[in-house]
Amino acid sequence: MQLTLEEIIELTSGKLVSEGSASSFNGLASLKEACAADVSFLGNEKYYADYLATNAGVVLVPSIVDEFPGGSVAIEVDNPSFAFGLIVKKLASKQRVFKAGVHPAAWVADDVVFNADKVSIKAGAVVESGSRIGDGTEINSNVSIGEGVVIGEECVLHSNVVVREFCELEDRVILQPSCVIGSDGYGYELVDGRHTKVDQVGIVVLQNDVEIGANTAIDRARFGRTIIGEGTKVDNLVQVAHNVVTGKHCLIVAQTGLAGSCELGNYVTVAAQAGVAGHIKVGDQAVLLGRTGAAKNLAGAQMYMGMPARPVKEEQKKLASLARLPKLLKEFKELKKSLNDAG
Amino acid sequence: MQLTLEEIIELTSGKLVSEGSASSFNGLASLKEACAADVSFLGNEKYYADYLATNAGVVLVPSIVDEFPGGSVAIEVDNPSFAFGLIVKKLASKQRVFKAGVHPAAWVADDVVFNADKVSIKAGAVVESGSRIGDGTEINSNVSIGEGVVIGEECVLHSNVVVREFCELEDRVILQPSCVIGSDGYGYELVDGRHTKVDQVGIVVLQNDVEIGANTAIDRARFGRTIIGEGTKVDNLVQVAHNVVTGKHCLIVAQTGLAGSCELGNYVTVAAQAGVAGHIKVGDQAVLLGRTGAAKNLAGAQMYMGMPARPVKEEQKKLASLARLPKLLKEFKELKKSLNDAG
Amino acid sequence: MQLTLEEIIELTSGKLVSEGSASSFNGLASLKEACAADVSFLGNEKYYADYLATNAGVVLVPSIVDEFPGGSVAIEVDNPSFAFGLIVKKLASKQRVFKAGVHPAAWVADDVVFNADKVSIKAGAVVESGSRIGDGTEINSNVSIGEGVVIGEECVLHSNVVVREFCELEDRVILQPSCVIGSDGYGYELVDGRHTKVDQVGIVVLQNDVEIGANTAIDRARFGRTIIGEGTKVDNLVQVAHNVVTGKHCLIVAQTGLAGSCELGNYVTVAAQAGVAGHIKVGDQAVLLGRTGAAKNLAGAQMYMGMPARPVKEEQKKLASLARLPKLLKEFKELKKSLNDAG
């Protein structure tokens, strides 16, 4: 597969802003590793030095750039990362291909409702009684689907995923390998000195276009539903406890924990290694920076950091004053001494 | 399945404290979502506004409440959450059912000791040579049991769990999906500039009534045993390193890490995202709040927070003084200025 | 299996420094649990009290020790932990054994390139089309290998590991249970209010002698390669995002997160629960203590702590001054009062 310069310009709706020597391209590479046959892009100012020194055949650049590397064609586009994605779709040779059919080494219960001509179920996958699978869905190797699970259309369940009994996936849901949907919530009552398990009889619902990362765990509700809202994307190794409800189009980044019954609004971003306490609410479009620990309700449309979470400016002021503390201690000591000497 | 008001009162040992219109019930719901056919409960004061506005047919309430929602029956009970659990057991229609037998798509080595009429082994499960499985135990789909593993009675191993060679589970142990028991401890010696693996030849022992969360990892001992004590409950995504020993009836909440050879006493609580350093001891009934980082031995029967861990009062005093720092900096500057002006 | 005192001295290149009563040994135990038939070692000064009270038959000790427990033989060695490892190799009775052959309940695609006499593939394992497996490699139960994966010689893939399509493992790579290699990177572009998935068409490369912990996730590159350098050891529950590159012989401890496109030099240590932000560089031999949060490039050969990461001495000074803050607040108040009274 090859793309000409003209094809790249058309594909990206771009504008030629600097000429170079190459005219056809078959590779994809970072600015640092690219050679004359490769397409690359400048998507982050941290790579500006790499950009000026690149050997890429063609580079997709944002409009603010006015220097160009010698030898490379430069094409101006609105969003270099997105435009590069369009090239990737054309050039990437090694892509996953959907092949319908049930592998002989899969095991599917007799009463599972699905169209074997339109669903892919791979070796080692297990689908238990009473489940339903929509057309265009791919169940990869060693996936375990419990009883009565409902899976929509065009979902991808990667290898070794577990979806426990009665949980529901709407359409175009993607589950990265080894994530767990519907584990029991962590609930116990202390009875005669022993932690006694509280039955967890609810389910998990993953709405349309949700994606869940590798080795993430989403607990079923104690009763009712744990809900991940439409279009929300959850990264790897995230903990979502029982009865959590996230709004639509949230981003929940790696290693974050959402405690039991917390509620996120729409378009909330929770960056990596953050935590949201149980039973609290986070408003629409709130942004929690990395490691933020939210212990009380947080209003929407604001950016928070720290533990306990504070608006970013407030927390930064606190951190700045802390940096001045050693000097303050020294000056205070001197002042006391000079007053004593004077007195 | 339906329950009458009289049945609910008897089941929960409750007392009718406010009358309502409905007299039989078949559903379970939160205060906010409940309708006239549903049972609900007030288990957390955060939901008090939802309680007063609920449409639930019947609500289980604690004795301290003296207002009641119009239209709902209110029943006073000692512990509303626990009492609600008793109703859940009766009403939940979709519950897991134990079915004995070895699925034809499971693979069990010839010499495994178990009673096929009293054990459930599902499709895709693998049990290797020399293992033993007690009566009433359930091994779900795609579980991997290594060589020489000993599993007690009435255990539940959910799908895709791994128990590596020679590890031991006592009775009524529950393993949530995709947790790992008996991975190698993280141990290396630097030899000629290379990290050389230290053999990890010990095992993991999970005592009676232990529960382990989804995607949690518990490393085998270097030699000897990593032990999770009787009745201890470990949440999702927890790291338990080699040679850790926890006491009985501990609670280890999500995303916490217990480093190598640390020891917890009995009834220790470690809240979410906390960490306990290697080779230290935490006393009986100690409580580590979320994100606490314990770097030195901690005495029992106290509550800790912060990193390094401090008694809660001490740490809160530090945080409170930090909040006053910006004002102090300002006042100190003014004081110096006024002294200079005066001088 | 038994070892005599002479055999132990020879095996460890040790020197007899204190005589005892036992002369042959068949067990391995910690100082606290050992009896007269056991070998033990003093590897950490925290166990010095246990050492003096031990009932071990023989103890391996470092040269700095000049007290010896009564009744035990003491043998001085350069590195007691390493020397003990040599004894473990001899005495541990329950060790994993490599058995070549493809289990009938495994499923391997017809075109997979491997020597069935020199590779072990266990029940429930799935190897998809186009993959290659080197001699001496062990693929355990319920492992999922995607299409076109390349695996070198003498690797061990423990149960329920997932290696997604086209990823590459060099020689002697060890994957602990349920880790995921090659999950999609977390990349989205916001288009018309929806997070639209950015194709992740790169791979993961694990170089020679890499070990990856249980339930760790390593994302494939957006394009190009996510690389874990030769000899690097990654612990359990670690997140490695797309396009991360680690140098050789790094240690990445449990529950740490490495964000997208960050680069670690050689011999970098990142302790538990730390985080490294996206697109930054950490120099050779840098050490990040537990929970460190690195947000900017960090120079090599230094030790860092805190969030944001600072050189250890600087951060400790800040923490020390914070501890003096409550007293400062009090003294400042007194000073102001005394000046007012005087004025």
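We call the chains A, B and C, going by the order they appear; numbering starts again at 1 in every chain.
What we mean here is this: a contact is a pair of C-beta atoms (placed from the backbone, for glycine too) under 8 Å apart; a residue touches a chain by one contact, two chains touch by 3 or more.
By chain, UniProt protein names: A, B, C = UDP-3-O-acylglucosamine N-acyltransferase.
These numbers were taken from a predicted model, which means no experiment stands behind them.
**Student:** Would you kindly state whether over half or under half of the residue numbers at the chain A/chain C interface are used by both copies, giving same or different?
**Tutor:** different
**Student:** Using CA atoms for the superposition, what rotation angle relates chain A to chain B, in steps of 5 degrees?
**Tutor:** The two chains, chain A and chain B, differ by a rotation of 120 degrees.
**Student:** Between chain A and chain C, what is the gap in Å from one C-alpha centre to the other?
**Tutor:** The answer is 25 Å.
**Student:** Show the residues in chain A shared as contacts by 2 or more other chains, in ascending order.
**Tutor:** 124, 142, 160, 178, 215, 237, 255, 273, 322, 325, 328, 332, 335, 339 - these are the residues of chain A that touch more than one other chain.
**Student:** Given the complex with chain C, which residues does chain A contribute to the contact?
**Tutor:** 28-30, 33, 44, 46-47, 79, 81-82, 85, 88-89, 92, 94-96, 103, 105, 122-124, 140-142, 158-160, 174, 176-178, 209, 211, 213-215, 231, 233, 235-237, 249, 251, 253-255, 272-273, 290-291, 322-323, 325-326, 328-329, 332, 335-336, 339
**Student:** Spell out the part of chain B that touches chain C in their complex, as residue ranges.
**Tutor:** Touching chain C: residues 107, 124-126, 128, 142-144, 146, 148, 160, 162, 164-166, 178-180, 183-184, 186, 188-189, 191, 193-195, 197-199, 201, 215-217, 219, 222-224, 237, 239, 241, 243, 255, 257, 259, 273, 275, 277, 279, 293, 307, 317-318, 321-322, 324-325, 328, 331-332, 335, 339 of chain B.
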